[in-house]
Every structure is written in C-alpha cells, then in structure tokens.
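If you scroll down you'll find the structure; I have some questions about it.
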Amino acid sequence: MPDPAAPGPSAEPRLRGIVPPLVTPFAADGGLDLASFEANLESYAREDLGGYVVLGSNGEAVFLEEDEKLALIRTTRRRAGTRLLLVGTGLESTRATIAFTRKAADEGADAALVVTPHYYKSRMTADALQRHFEAVADASSVPIYLYSIPSFTGLAWPPGLAGALAAHPRIVGMKESAGDLGLIGRIVASVPPSFPVICGSAPVMYPALCVGAAAGILAVADCAPGPAAALYAAFRAGDHAEARRLQEALTPLAVAVTSTHGIAGLKMAMDLAGRRGGAVRSPLSPLPPAAREELRGLLARAEAACRR
Amino acid sequence: MPDPAAPGPSAEPRLRGIVPPLVTPFAADGGLDLASFEANLESYAREDLGGYVVLGSNGEAVFLEEDEKLALIRTTRRRAGTRLLLVGTGLESTRATIAFTRKAADEGADAALVVTPHYYKSRMTADALQRHFEAVADASSVPIYLYSIPSFTGLAWPPGLAGALAAHPRIVGMKESAGDLGLIGRIVASVPPSFPVICGSAPVMYPALCVGAAAGILAVADCAPGPAAALYAAFRAGDHAEARRLQEALTPLAVAVTSTHGIAGLKMAMDLAGRRGGAVRSPLSPLPPAAREELRGLLARAEAACRR
Amino acid sequence: MPDPAAPGPSAEPRLRGIVPPLVTPFAADGGLDLASFEANLESYAREDLGGYVVLGSNGEAVFLEEDEKLALIRTTRRRAGTRLLLVGTGLESTRATIAFTRKAADEGADAALVVTPHYYKSRMTADALQRHFEAVADASSVPIYLYSIPSFTGLAWPPGLAGALAAHPRIVGMKESAGDLGLIGRIVASVPPSFPVICGSAPVMYPALCVGAAAGILAVADCAPGPAAALYAAFRAGDHAEARRLQEALTPLAVAVTSTHGIAGLKMAMDLAGRRGGAVRSPLSPLPPAAREELRGLLARAEAACRR
Amino acid sequence: MPDPAAPGPSAEPRLRGIVPPLVTPFAADGGLDLASFEANLESYAREDLGGYVVLGSNGEAVFLEEDEKLALIRTTRRRAGTRLLLVGTGLESTRATIAFTRKAADEGADAALVVTPHYYKSRMTADALQRHFEAVADASSVPIYLYSIPSFTGLAWPPGLAGALAAHPRIVGMKESAGDLGLIGRIVASVPPSFPVICGSAPVMYPALCVGAAAGILAVADCAPGPAAALYAAFRAGDHAEARRLQEALTPLAVAVTSTHGIAGLKMAMDLAGRRGGAVRSPLSPLPPAAREELRGLLARAEAACRR
C-alpha cells in the first residue's frame, strides 16, 4: 500500500476544460471494436479537450469484462498523448475497486474516477462511503476523483462528504452528475480551490462554471466536442453572453443524447457526426429509425451555433 | 369573464429583482398579528426590492382562513406603494382558484401566483394543468404567474408546459422553486423575453440569473433583504465575481431558513434581524432554542458579506 | 374542550365490514347534486355495508366549500340510519381541523377521519404528527380515526405512530391506504384488539383481513358494494378460498377505478352500475369514452363472481 | 443454444416451502470461508426447507469474484442432496448473464434466479426487460426464475411482464421481493398455477401465501429457519390462526435482519443462533455491539413462538 503521508499528487495536472466520456464501440459479433475506438480518439485529438474518461457510465462499463476494460485503457493511453486519462474503476466492493484501480494505474491511468457503490443503497451512509473512498485512496498509486450519478445509482450525495474527503492527499476532485447547482455550489465552497468540481450534466454546464466548476465530463462532447469546448472557452474568456448562447444551442442535443435517447442516442449522434458509435449492448435497446432525423437536426443546430 | 382577446397586461410592470414572500405573524391567541405584518412591510420599504408576495408557501397560506387572507392582501396593498403585489391564489379546484383570484384582484393584487393543484397527483398531467391554468387566466382580471414547488406539491413541472401557456395573454411569468437549473434554462428558452422566469430557490439565485431568470422570490430575503438585493444588483451590473461571492455568503443562511429549519427557522431569523417573525401555526413545530445561535451566526455572515 | 379523562368512546360501535367512501355528484352548473347523492345512499341502504365515509379523497373533499361539506354530512346523517358515519375532517392546520371536526360532529358525524397534514412534508415528523392528532382528539367530542394515504399526501406513515396514538381515549382506529401489508401487520401488532385497522386499498383487502384488518374503506364499494361485501363475509365465515376467489374477481375493477382512471373512472362505473356518479370537478379530467366499455366489462366480471 | 421447442423443464421439481438465501462467510483475510459455509449447509440439512439460494442479494453476490461464486455453487451442490439449488446469475449485460448462467448450470445449479438489470434504470422498460429475460432463457439449459427487488435495483416491476414471460418454456417462476401484495396477487392471477410466485419479504409471508405465493426466499430463514418453516407448514395445514401468530412473532426479527440492520445484522443473528455469519465485506459496515442484545431478544421471541 502506498504511504498516505508521501507527497500527494500535487504535481499532477488538474482536470480543466471539456472531457468526453468515451463510448465503447462493438463489432458485429458483439465484441470490442478497438479500431473504431481508436478512430474516435484520433478525431478527438484535433479538438480542444481537457482529457479523456474511459469506462464511465456512457462507456457501458457495467457491460464490459475485465479484459475488455484493460484493452480500452491501454488503447486510450497510447492515443492520449499528454492529455489526462481518467478511468472509471468503481465497483461494488472496496476490495474489487482497489484491485481494479491498481490494474488501471498499471495500464497508464492518470487518475481513477470512482463511482459510489450503490447496490445496498440504504447502507451507503456518509460514513460508509467515506470509509470506502478513503480505503481506495489509501491503496491507490494514482489520484482519485469522487463520482456521484444518482440517476443510475439511486443514491444522493451527502452534502458534507466531499469536504471531508478533500483532506485526503490522493482524493483530488469530484464529478457531480445530478446537475444540482445548489449541491455543486456547496461542494465548491467546501473544498480547496485546487480541488476541481466537475460538472457531469451538459444542460447546466454554463451555470456550473459560474458557481465554480472547473471542468465538464459531458456525453454531448462525444458527438459535438466543438460546441462544448467553445462554451467552455467563452466562459474562460469572460464572455458570459456567448457562453449562455452556446449553452442554449447545446442543451437540446445534450438532452436528446442522455435523458431522451440514452447511450443508443449518443452513439447514433456520433455516427451522424462522422465518428463511430454503433450498437449498444443488450439489454440496452437500439433506437427507432425516426430518432435519426431528430438527432441530425439537433447536431446541425449545435454545430451552427459554434461556427457563428 | 374578461375578454381574452382584449389587450393583455403588456403595460403592466414586469417582475424584476428580489421579492420577499411575506411571512404571516400570529398573535398570542393564534390569530393574525397585522401590526407585526405592517411593521415588516415598513422595514422592507427601505430595501431595494422588486415587489411583494403575499400568501405564498412561506406565508403559511395553507393554514389561513379566507378572511385572514383578504386582510393580508388589503394590508399589503395599502403599504406596497407602487411596488408590484403578487398574491398566491392557487387552490385545489379550478372554480375555487378562480373565485379567490377575483377576490384577491378586488383587494388590490397586481397579479396572481397560482401553484399547481396537486392532491390528485397522478391525474395532474400536462394537459390537465394546462386546462386549469388557462381557465383561471381566462376568468381573471389580473395577470397570472405560474408556480411550481415540487418539495411541497410532490409534482414535477412538465418541461413543455410553460412555453405552451406563455401564449395566453394573461399568463405572464413563472416561479420555479425546485432550483433545477436545467429546467429553468429550458423554460427561459421556450418563452418570450418579456415573460419573466422567477427563481424560487436562493442557493441557486446567481446561476439562475446567469441562465436568464429575471427575478427571485426568496425566503431568505425576508430576513436578509440587503444581501439578496446586493447579489441581484451585482449581477445586473455585470459583476459576476461579486455576485458569486455574495451567493456563497448567502447560501448557508438560505439553506438554514428553508431545508434545515423551515418556516420556523425563517421566522426566528427575522426576529434576530429586528423584524417580526414569531410563532408558526401547528402542525409546524417551534425550533429548539439551540438553533438561535446558529441562525445568528449565519445572518451575521450574510450581512457582513454585503457590507464589505 | 372535552375532558380527556372522561370515559372514552368505548361504548361507540367500532367500524367493521365494508364501507364506501361516498362520491360527490355535481349538477350541470357545477354545484352539488344532493338529489343524486341521496339516491346513492338509498341504493346503498339495501347493501351489506358497515357504514359510510363522507368527505374522503374519493369524495373530492379538497374541491368542496365548507357549506357544501356541511350539506353532505347533514344529508348522509339523515339517510344513514344507525350505520356509522365517518367524516373526513382533516385540513392542513391543527386549528382548522379542530374547528371543522366540531362542525362535523354538530351535523351528526359519529367519528372523524383525519388525514395527515402534508403540504410541509419535510416538517411532518412523527412528533409533529403526534402533536397534531392529539390536539385534534383532545378538542373533539367524537372519536378520531387516523388516515394515511401516501399516494395523495406524499407522506409515509411512521411505523410506531399508531401504537403511540392508540393510547389516547378518543383515537380509536386507523385507515391505511397504501396497501402496505407489512405496515398494516405492524400496526395491528402495536394497537389493542379494539382499535380497528382499516384497509383503504381494495386489491389487498383479503390479505389485509388475514393479517388483522377489521374493515375496508374501498372506492370499489361505491360501484360494486355487493362483491366487496361478499368478500368480507366469506372471510368472516372462514372461507379463505372463496374470499381469495372474490378478491381476484374484484381486483381488476378496483385497479381501474383508482390507479388507472381515478375518480372519473369511479364515477363512470357508478353510472354504469345504475348509481349516480356524473362529472368530476376540474382540474380532474373527464375520461375518454373508450373507458366505458372497459369498465362495463370489469363490473360485469366482479358482479358475476359474486352471484356464483 | 438449447432448442426452445424442446420439452421444457416440466419434469423439474417446482419450488415450494421456505428457502434460505445463503450468506457468504468470509475468513479473517477477507477471502471466502468455505468451511463455515459448509457448516451452515450442514445445519440447514436438518431443517424443513424447500431448497437453497446461493449468490442472492443476501449472499453479497455483487461483492464476489467469479471464482468465488463458482466455489460457492460447487460446495452447495455437493451438500444440497436432492434439494433444489437456485443460483443468482443476473448481471448487467445480457451476454454476461448468459455466460454466467451456463457456468452455474455446469456447476450443478438446478435453476437460475435472474435479477432485473438496473444500472441504466430509465432504459429498462418492460420491452427491454422482456427481451433480456427471453434471451437468457433461450440460451440457458436450466430453468429461469425472474427476480425483482426494487429496494436494491431502484426498478419497479412492470405489472404485465410476468404473465408475458411465463409463456416461455424455460421461465418457470418469479421472486417478488418488494412485499407488494397487490402486485403479487396480480402476478399470481396472470401466470399458470404451475408457475410459482415466490415471496421475498418475510414480514408479508403469511398474507403472500394467502393470495397464492408458493414459496418464500427469506433472509430470516438463514437465522431462524424453524419458525419460518413452521409458518409455512401451518398455512399448508390450513391453520390460518397459527400462521398469523407465527408471522407476528417472526416479523420483528425479519425487519431487524433486513431493513434495520441489513446483512451485517443477518450475519450477527446467525452467529447468535449457532450458525456462522461473521463479517460483511466493505463498504458494508459492521454493526455496533449494542445491536447484539436486540437481535438476541428477537431471535428468542421467534424461536419461542415456534416451540409453543
């Protein structure tokens, strides 16, 4: 186990900007399609992005075998250059999370994004979660980002927990995917300025930046990285009017590729945008063909706003 | 019934700025304490506020008899001067809401704030709500503001409904009290610029302004109108850094007088701030004395941030 | 205020059997249709029922003015004979509930059915509810039945509360309308045998009787009192197989006139069964005509099972 | 893939009676403690039980590695004799569920208990779930039992789904763990008599039997198999009064080892009852020592009721 008293990852680059949570393309036989995955990475290399997330919720991580997961990490590492590589390593048990976080680090992860365990919901008190995250961080050689996504886990984030965990030298940031601005504001107020709070909900990206979010891990950035990055850049340049305008142009697409159509919609939008999404794994269902025209229109609107 | 084709209330002043939802002080015998109510109005007259709400959720409207309600409207009207007076008139049935909206208009209400009916939750579809609000607006001589507050009603606001209702000439604005920035952004994008979207959740007041909210009806403005108004003024002056700073100073107090301690906490904070809150009606419960010091500290922090 | 130490209502008849929560028919002008209401009572007089509830949720009590409520109580009292008359008297404030409970008693109510206050949901702790119910019972001259209906109130019943309140001499029973058999069983185990626990969910009437419920207040008994009473009688006769058979025949109709179609469905089913339901008040919506055939078939099935 | 048209498992023994969902004991180093697991099986061999479940929610299946899971199946098979062995094989993806169901069958599972996938909650429509379960059943050589447990999955069971899936020759039963008697009744009414509906909630075991449940998979049977089996036997003997009496004696213990204290409570109760529970895996937390006396009392009460 690494020494918790050893110098923390203060020298590590902190996450900033817009980060796509990479989708996982599948081949016709249902296995990984690494060639398509690499093609996507190649296309993202030309965009103004702050890093990559592999094995997030949008990457269908819960559907992947461990060897598939390791192959995706390796491939991303090889293609990521100096960009920060975050890997989703959270599993239900503390010991399995520790073991897989180590494997991810061995494959080149810069940091681990650790979702709240959630199967035994009523037991996942603030204390139980704190012990879990501290045990994972104690045992990890790479920095840990906390990750809360109630729409999938059914678990609300305890308001004071991020502030308590930020004291750990290897817990360095948090992704909040409920899009709850009141919560994001309270978390920002409870952690040091060097602890990035990351917005995981594209429809509130601009107001999240206003209250102190440092970055966005946004599904919509998989299919429309340009407009998402433009929104971020406008905010950084202090141009609130432009950031708000881009937010309004991006929101309908963002809602479509998450709440309305889910990952199947996100992958279809990637196909329409010249990237490689493809099919989802079952029990996720393919979209009806009618969704294609809707998504094409929303993509066009988002891209047009960006090129203005 | 007023003619829906007649000139709408376009000449009416639109709601802007920070508006306190007035609390209802009670006398020792449990009846209305109108003298204390007037004293509060006198103190608010010296603050930079955009109007008043009477008979809102924080006014314990669900506990009041009709004669008490009419007395509160009359008193506010007499003290409000030219400030906009919004009156909460929503009841469960359409006919009772229409009848009381007319009485409120007769007593001097400038506009009615109509909460979603909610007892028969599963029946309150978007269609049923649309018919209800249109019937109330058809029958009203004063403009109607829509009002959604899921924490009390248990009813989520249907995303497309505000856009549909904004076409009615007498439906002129909406108060959203869930603090859901994604929803506020989508409502703003779906209504004309002249239709104010009002934030009802103080912890997200600043980001709500960023995405286009025009005003805030905030319980915390009952006890700390100065800091709330200062936040609004900073935003209008384009000073985002100052608005965010004031938001961070105001949020802990705002959480304390709503989520944590409810109306009893709000009334205690008013007492501590030199206004008149007093007791709540049962079945609301008085606060334990220990809350007093907590609230005193939070008030001091909010006021200090404002005076800086 | 009555003396709480005075002899309790132990001489009062306890609720037993099946009780219809009476619907409120409206005339073409939207006002009360008392003639239809009386016609329904006349038809129920020929059925094997344990009493009447007036001003319950299915009676659209939240849509009625006080004078309408008093007229309904008076009319029921005149027609009820010796049958037990329960009146829904619960309002949001303790003082209003006390005042209306007294008026209901003056009009002839045998007992009051007091729903949990619920607008300020997060404040309605077990302690706050206990104080409310005790204050109402202290001030009432008639016995009090507790009433929990989470589908409308959004409030879960605190498990230990019924046992604590059963110690009050004028709190004599409870209606549980969530259909939660685990909760019903725990309440039965926590109160004296003389304290009837009443099932308010027809699809679980038979198993509720199995675990100790004494009675049922069932919307479906408004349109199909015969089958509901037959189920109860079979259980009392120890014929579990027959009770279960009748339950299975009744459940589809019961679901249709509550979860699926609501009060509008219940009133249409009453019309189809030769009683007088008629229209609902807005914002409740009328049913599409297609529902008529569905309800006709379900009624026929329930009645056929009963006649076998 | 097995031929779906081939003779179904109609010759298979159907599940009846009370079935303990086996807990997974861990050694001091955190690994499996198979010796303790076998000791528990040896003790259960002397009880009147209808079979075993391995790898259920109470078995901490979400915390186990595949090799640990296979070892538990093998061990149970060796000790189960002719008792029916159900194995929890549901995973998030259809392909992983199919693969593991085959491995479980190879190790001797008599049937697979397949929980609803649930991470992507909003996508798990009735259609998506139907396709998933049918694909798993098509590919399985052993019969499939459906499994719904909303407290862990956050997913409600679609009312009509069991009836639709019962048409598949290898889908032979369903476990309902919400304890929703209305749902259990509707499922029973929608499936053939040969399709067992299994109650997964001990506090409603007796009323579930009344409405047609065929069996119970009950955590409380891990620590108090005698009283649970006695309840079942009393019901089968037609002695409703005795079944209800045993239910009332069992419920407080059942609530304590599930809702109140979770698996840590269940394991502590097993230790107190002379079986081997031991520690839970993190992030589940150990119980405070004070729980021991509470559990000891509840166990004694349940056992006393049984011996009467």
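Labels for the chains are A, B, C and D, by order of writing; each one numbers its residues from 1.
Throughout what follows, contacts are C-beta pairs under 8 Å (C-beta built on N, C-alpha and C of every residue); 3 or more make two chains touch, one makes a residue touch a chain.
What you see is a predicted model; the values in this text were computed from it and never measured.
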item: Intersection of contact partners for subunit A and subunit D; value: none
item: Remaining connected clusters, assuming subunit B were absent and nothing shifted; value: one piece
item: Subunit B and subunit D: spacing of chain centres that average the CA atoms, whole Å; value: 51
item: Intercentroid distance (Cα basis), subunit C paired with subunit B, Å; value: 36
item: Subunit D residues counted as touching two or more neighbouring chains; value: none
item: Touching residues on subunit D, where the partner in the complex is subunit A; value: 30, 57, 62-63, 65, 92-96, 117, 119-125, 127-129, 131-132, 135, 151-152, 154, 259, 262-263, 281-285
item: Touching residues (chain side subunit C, partner subunit D) in the complex; value: 179-182, 185-186, 189, 201, 203-204, 206-208, 210-212, 240, 244, 247-248, 251, 255
